[in-house]
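As written, the chain order gives the labels A, B, C, D, E and F, with residue 1 at the start of each chain.
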Amino acid sequence: MNDVASKVATLMEAMPYLKKYAGKVIVIKYGGNAMINEELKAAVLQDVVMLKLLGMKPVLSHGGGPGINKMLEKLDIPVQFINGLRYTSADIISVVEAVLIGQVNSELVGRINAIGGEAVGLSGISANIYKCVQRSEELGFVGDIVEVNAAPVQALLDAGYIPVVAPVGTDGNGQSFNINGDTAAGKLASALGAEKLMLLTDIEGLCNDIKIRDVISYLNIADVQGLKDQGTIAGGMIPKVDCCVQTIEEGVTNVHIIDGRKPHSILYEAFTNEGIGTTVGKDQPSVGIKWNK
Amino acid sequence: MNDVASKVATLMEAMPYLKKYAGKVIVIKYGGNAMINEELKAAVLQDVVMLKLLGMKPVLSHGGGPGINKMLEKLDIPVQFINGLRYTSADIISVVEAVLIGQVNSELVGRINAIGGEAVGLSGISANIYKCVQRSEELGFVGDIVEVNAAPVQALLDAGYIPVVAPVGTDGNGQSFNINGDTAAGKLASALGAEKLMLLTDIEGLCNDIKIRDVISYLNIADVQGLKDQGTIAGGMIPKVDCCVQTIEEGVTNVHIIDGRKPHSILYEAFTNEGIGTTVGKDQPSVGIKWNK
Amino acid sequence: MNDVASKVATLMEAMPYLKKYAGKVIVIKYGGNAMINEELKAAVLQDVVMLKLLGMKPVLSHGGGPGINKMLEKLDIPVQFINGLRYTSADIISVVEAVLIGQVNSELVGRINAIGGEAVGLSGISANIYKCVQRSEELGFVGDIVEVNAAPVQALLDAGYIPVVAPVGTDGNGQSFNINGDTAAGKLASALGAEKLMLLTDIEGLCNDIKIRDVISYLNIADVQGLKDQGTIAGGMIPKVDCCVQTIEEGVTNVHIIDGRKPHSILYEAFTNEGIGTTVGKDQPSVGIKWNK
Amino acid sequence: MNDVASKVATLMEAMPYLKKYAGKVIVIKYGGNAMINEELKAAVLQDVVMLKLLGMKPVLSHGGGPGINKMLEKLDIPVQFINGLRYTSADIISVVEAVLIGQVNSELVGRINAIGGEAVGLSGISANIYKCVQRSEELGFVGDIVEVNAAPVQALLDAGYIPVVAPVGTDGNGQSFNINGDTAAGKLASALGAEKLMLLTDIEGLCNDIKIRDVISYLNIADVQGLKDQGTIAGGMIPKVDCCVQTIEEGVTNVHIIDGRKPHSILYEAFTNEGIGTTVGKDQPSVGIKWNK
Amino acid sequence: MNDVASKVATLMEAMPYLKKYAGKVIVIKYGGNAMINEELKAAVLQDVVMLKLLGMKPVLSHGGGPGINKMLEKLDIPVQFINGLRYTSADIISVVEAVLIGQVNSELVGRINAIGGEAVGLSGISANIYKCVQRSEELGFVGDIVEVNAAPVQALLDAGYIPVVAPVGTDGNGQSFNINGDTAAGKLASALGAEKLMLLTDIEGLCNDIKIRDVISYLNIADVQGLKDQGTIAGGMIPKVDCCVQTIEEGVTNVHIIDGRKPHSILYEAFTNEGIGTTVGKDQPSVGIKWNK
Amino acid sequence: MNDVASKVATLMEAMPYLKKYAGKVIVIKYGGNAMINEELKAAVLQDVVMLKLLGMKPVLSHGGGPGINKMLEKLDIPVQFINGLRYTSADIISVVEAVLIGQVNSELVGRINAIGGEAVGLSGISANIYKCVQRSEELGFVGDIVEVNAAPVQALLDAGYIPVVAPVGTDGNGQSFNINGDTAAGKLASALGAEKLMLLTDIEGLCNDIKIRDVISYLNIADVQGLKDQGTIAGGMIPKVDCCVQTIEEGVTNVHIIDGRKPHSILYEAFTNEGIGTTVGKDQPSVGIKWNK
């Protein structure tokens, strides 16, 4: 009967979170290692289905994984860099669509359905979900989202489905664009009035010192500039944290930077008291920051 | 991280049950020891709130507990027995209403609300929920339910509340009646089209041999007569099992006879693979019966 | 055919009131003599059912009647007074629940149903309808309402029932409280956006001189302070009139102080040109006040 | 206070009828003297508004009154008879439309609105409410209703209006037809699933002996043939009773032949125990028939 | 296949207008020659049905045509003029109702239904659609609209019908009034929140010079005063243009003065790029005005 | 004004079809030449948008076009044939998904949105729209549809979108399958309760003699066997006609085999009297068949 007690304790621990998140939209940005490792992939999709069964409305917003580069290589399509950024030619955007919408999205949808969810795959082209403008001519078909039409995603949520959204944008005139996956997920979350955005990453959270992995458990966006100034937020974390800040400012209550390399980190973050990784918000004081002075 | 794994495993184990019971009405007949022991009481009410948060529609149909006898004693109201059955005088039915509706029901409602549920208390008098005829003149105000009007209970379920129903009946002309709590719960379950009725009892389930507590895990109602014939179902178990049979015949999928003396037995029955106690139904062959020959 | 003419004339006289009150919520505070006399009791409940049949949405908010004292006496529970106010011990609040919710409310519900209404009984504990704070430690479990959750009452009105509400409050943590019946009815009326509150009392209305019973037919709340100053509103009328004032200020159009000792005074007030008792409001000048100078 | 008692008694007497007819459609065929006498006219329209305020859904289906003949005369349009039936020429049907739809219907609508109802006037031409075929070439534009489209009348009922319907039919191809007012009302009643049809006539009801006015209070349609055989139903009563029979057979519960010469006979029939005139139905045995042997 | 190309081109040209006007209310004021000539009449009604089939919500607001004068003549009712305006006696308003509501409205409704629309005829008396005050005692029953109740028209639109509205007003107390057809149509359009009002007239549009028919294609209401000052808007055009201005100011996007003498001018205006006649609005600069200097 | 007449005539000709098809689901199977030629592609998509604007609910079910072979070639993936049928390896099904879902579907969606429709792209994998079983092991991932879940397509139609569906199936366990485009469109049409299925082909219709192109304008499915027997339906037409027969048998009223090589053949078929190609149905006798004897 010990086992019973422990099982029940887990369910009881989940109780306040179930109440808090009932019927709320949760957007999960799925990318990085969690898209490569088979076991992690299975766990992420189980977590998404679980959120649905527990009364939330999850939306899976995925990234690209390694598939695009593999196909570019196989097709001998040359990859060019302009000031360190990859140029997206017409051939490349076509491969991006093939891989992201045709292959990655289809696989995720198929797998969610196989474990009992009801997923419907979409790309940001449909009904101009991600309306873009070209970032610059020299980068080719790279777009910046200027408007999100969340209505078709909402319609599918209302009909009880788990929307799985591929991050491809459109200019509304038939031209597709490569877009940033984190930004797309963040903007979709705010357009849907989501309760939270979960960013699955390959780190344990935002750390004071990446070497000793001392994670900042709660980051108030008011402290972001200070952390940039002292170098705690640097390099690849800058755009990720900026995306969090914008998402919070557009009305999403919390963004969670969680470690996609640990199985079931989504469920663990959502339903246990400890949580996991870094929660970004604006309603509480930061917890765990080490200021240089 | 072991703890994480175990917590997540518990949630995962609950997944198929969550899917199966989503939006379904679950009637819990609450009585016996579980109404006396403080810890058990707390656990039962937590379980009820939990079922609600997990997407089910629980209805709590309670019994009387020891309060009626206590108050009869304090008020010096004489208790008479006719052929072993207690006679319900006008004074006694008045005490039954005072205790069941005024005290027991109010306490359960208040406690559920205290732990975050939203309970509304009702008695079977309201809108003639339990319409009765008098069983016999000599027993006084003891009624047999002839019609259940589940509409007000359904209206409260639809509005998101947890109905808590006291087992007092009415003849529709202003006279209240003492009614059997198990029968009331069973008839309410079938009138609501409930998925299941859970009977909280003071036994581990229906046993082949009560001394060694070898529980029959699944009882197909086709085997009930045989078990009565060989004496396995006997004494106080006869009306309880008869109530299960009638409830199944009126369309409820399963009735569970579970051990109310173990904390969280409701949750354990509903969301784990092992289950607990005896499940009564008509769709599977019985499991665990020992036939005398 | 004279009788026909007179019957039809009565229906015709009711016509403008039917139009005015169609679909409106009318809260009736039922207490005093009208709860003791059998004939009056029958007439009040007929009136309530009639309001429903005529297209209004009546809510019956009852008081306690003599039952609480009788049961305290029978149970030998001592009654203490603190500065003239009765102390509510744990034992006493338990008796209050037994009598008000278990007996009085049940009786009213049963009787309404017997004459063709569809009543559902509730107490202020359900879904924290009357959320209270303790008035003072020395008075024990006496509460002041700080928040009304009218949603379950509204849900029952919407489902076509006549809610009958017992005036017991809760702190939301499982502790019940004794509350003032007039205040509870007034606050429920304003929370429901009721058109009117009818207070059944044992007087003919607010009188200039109680000895000659010259009733003030319309009292604008602007004149209340003046009437208190000159002693017209005094003694037990002060809290009653204060309750009227607060109810009007919280948005109910009219409060009627009517004579519960006359049968069918509710119907008479609602559907005849003469009306009855004192109407309190803020939209018309007072009628019938005798100022001292 | 005597007056109070009598007023309240009247309202109480109406109670079971209010319950029975709540939300039911009542079609009133308005014709004869009640359309000529000013006082009667006022009373009929008050009754109709009253039915609406009391929660029913009245539909007023009027006849022509004396206006058509007056206008034919003023316009010097010759009136021809074919085997005793008036021939409806193109000129005549045009006058019928002018008077019935333009004048009579408009007046009734205007008067109902003046006393606080919300009436909307319609003719049977609108949306082919009364679809007709020509009865015979020699009678000109006289039509027999072959199909009723009650949908626009229902839409107006649903929107809370009192529909006032002029008995003019159409062939669906732009040609209007003169139709029988009683038949139109009966067919509209059955198409609407009305609870009852009230036929306002210039007699006290169906009488055994018209000279002594001994009214048959309930006529089961099974007795109609017998009454025709012995001559009790004769002359102008034959088509009227046939219309009642057909209306009952098409599903309307009761048709009432009531005396339109008595003010407020509609209200009296609907809401008093005595009723008035002859009720035609099929669910009870006839009451008051004198069989010749 | 040339024909195919041309047919398809027409449908393609209509495409943006279909998108723009989908589900929008379009009020058509139908009067003048288009009510006399048989071919024009047929074309107008076809256009109205076509608008409905193409997804708009047309409302036909008709005028009187020559019928009123004809009937006044036949009935020998004298016509009086007061300062050049016709006096409306009780006899005359009665003829107006007979002709407009009884005959003209019925004919239009019957014809629309004959070609496959579903029309319902109404007058402004119903539910006080056009509530009026008397303009002056000396003009008799001539009313000015003070309030429009578009609710019954909206209810019929919502139920899928084409409302056909006769321009007769009411004082709400049972007295009907003669009202101006253009004003009635304009006020109905604004009360319905119509997208556009189309005024069918006997001119090609508002012309700079009526002799050479140089139509002003777009008239911004800011230019109306100037055009009046230089005499371009004069005589009978003044009230018509004033009606347009008021309708625009009350929120209708465009009023179109179109030539009712050309068949299918409604359809042509609505669905082709060229349009027809004069569009009045406030969102674009005037096009085609010849200023005197 | 000639042009006006001709434009209006075209709109008038469309009138009965608009009425007939209002709100109906029309599935268009888009394939063949119409997917290659730029002008045809533009015309098809315009037609689809036009159907939507005209009040229908079009669903575009596309085929593959030449893209799959091109990409297989570029990727050097070998193509094998088994008894004349192409084997679908894991690599090939992955390319099918990339091209059909990622590229073709995205392009069609983007283009429809560019001309003012609101398209949402889907594949048959989403929510198991096309649930398949493997046809045979030797053909690899070639599936036969055993169940269609049209619910997500219906949800998008209800939300006002134009669904664009790629013909990829799933076994419900995460494995995708190559499926026949015509069959998929037919089964989707019947699952949606579509009014009609339009098959865009590279022929003028079903011909008696392909050389002289004498098209059978209406084919009753009862004549299919006879036409197969005499060789009129042969070769590649056999599966196409079989698909038509099955679609008709499953409840779709008509299937149209139309010539996708002619621009706007969809619109022409839907809205003109002549129609185009072969209509397959079961309600009328065949028209245009030449029987050998």
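Everything below uses one rule, namely that a residue touches a chain if its C-beta (ideal position, glycine included) is under 8 Å from a C-beta of that chain, and two chains touch if they have at least 3 such contacts.
Quick caveat: nothing in here was measured; it's all calculated off a predicted structure.
Novice: Counting a repeat as over half of the contact pairs in common, which of A-F, E-F or B-C repeats C-D?
Specialist: Equivalent chain pair to C-D in A-F, E-F or B-C: E-F.
Novice: By the contact definition above, name the pair with the higher C-beta contact count: A-B or B-C.
Specialist: More C-beta contacts join the chains of B-C.
Novice: Using the average of all C-alpha atoms in each chain as its centre, how far is it in Å between chain A and chain C?
Specialist: It comes to 56 Å between the two C-alpha centres.
Novice: What's the distance between the Cα centroids of chain D and chain E, rounded to whole Å?
Specialist: Computed value for the inter-centroid distance: 37 Å.
Novice: Using CA atom averages as chain centres, what separation in Å is found between chain C and chain F?
Specialist: 69
Novice: Using the touch definition from the top, which residues of chain D touch two or more other chains?
Specialist: Residue numbers touching two or more other chains: none in chain D.
Novice: So with touch defined the way it is at the top, what topology do the chains form here? Options are line, ring, star, complete, other.
Specialist: Ring.
Novice: Once the touching pairs are worked out, the chains link into a ring; list them from chain A, going toward chain B first.
Specialist: Counting round from chain A, the next being chain B, yields A, B, C, D, E, F.
Novice: Quick one: in the complex, what on chain F touches chain E?
Specialist: 1, 4-8, 10-16, 18-19, 22, 46, 49-50, 53-55, 116, 262-264, 267-268, 271-272
Novice: Tell me, which parts of chain C touch chain B in their complex?
Specialist: Going by the criterion above, the answer is residues 71, 74-75, 94, 97-103, 105-107, 109-111, 113-114, 118-123, 125-128, 151-152, 155-156, 158-159, 161, 168, 170, 172-176.
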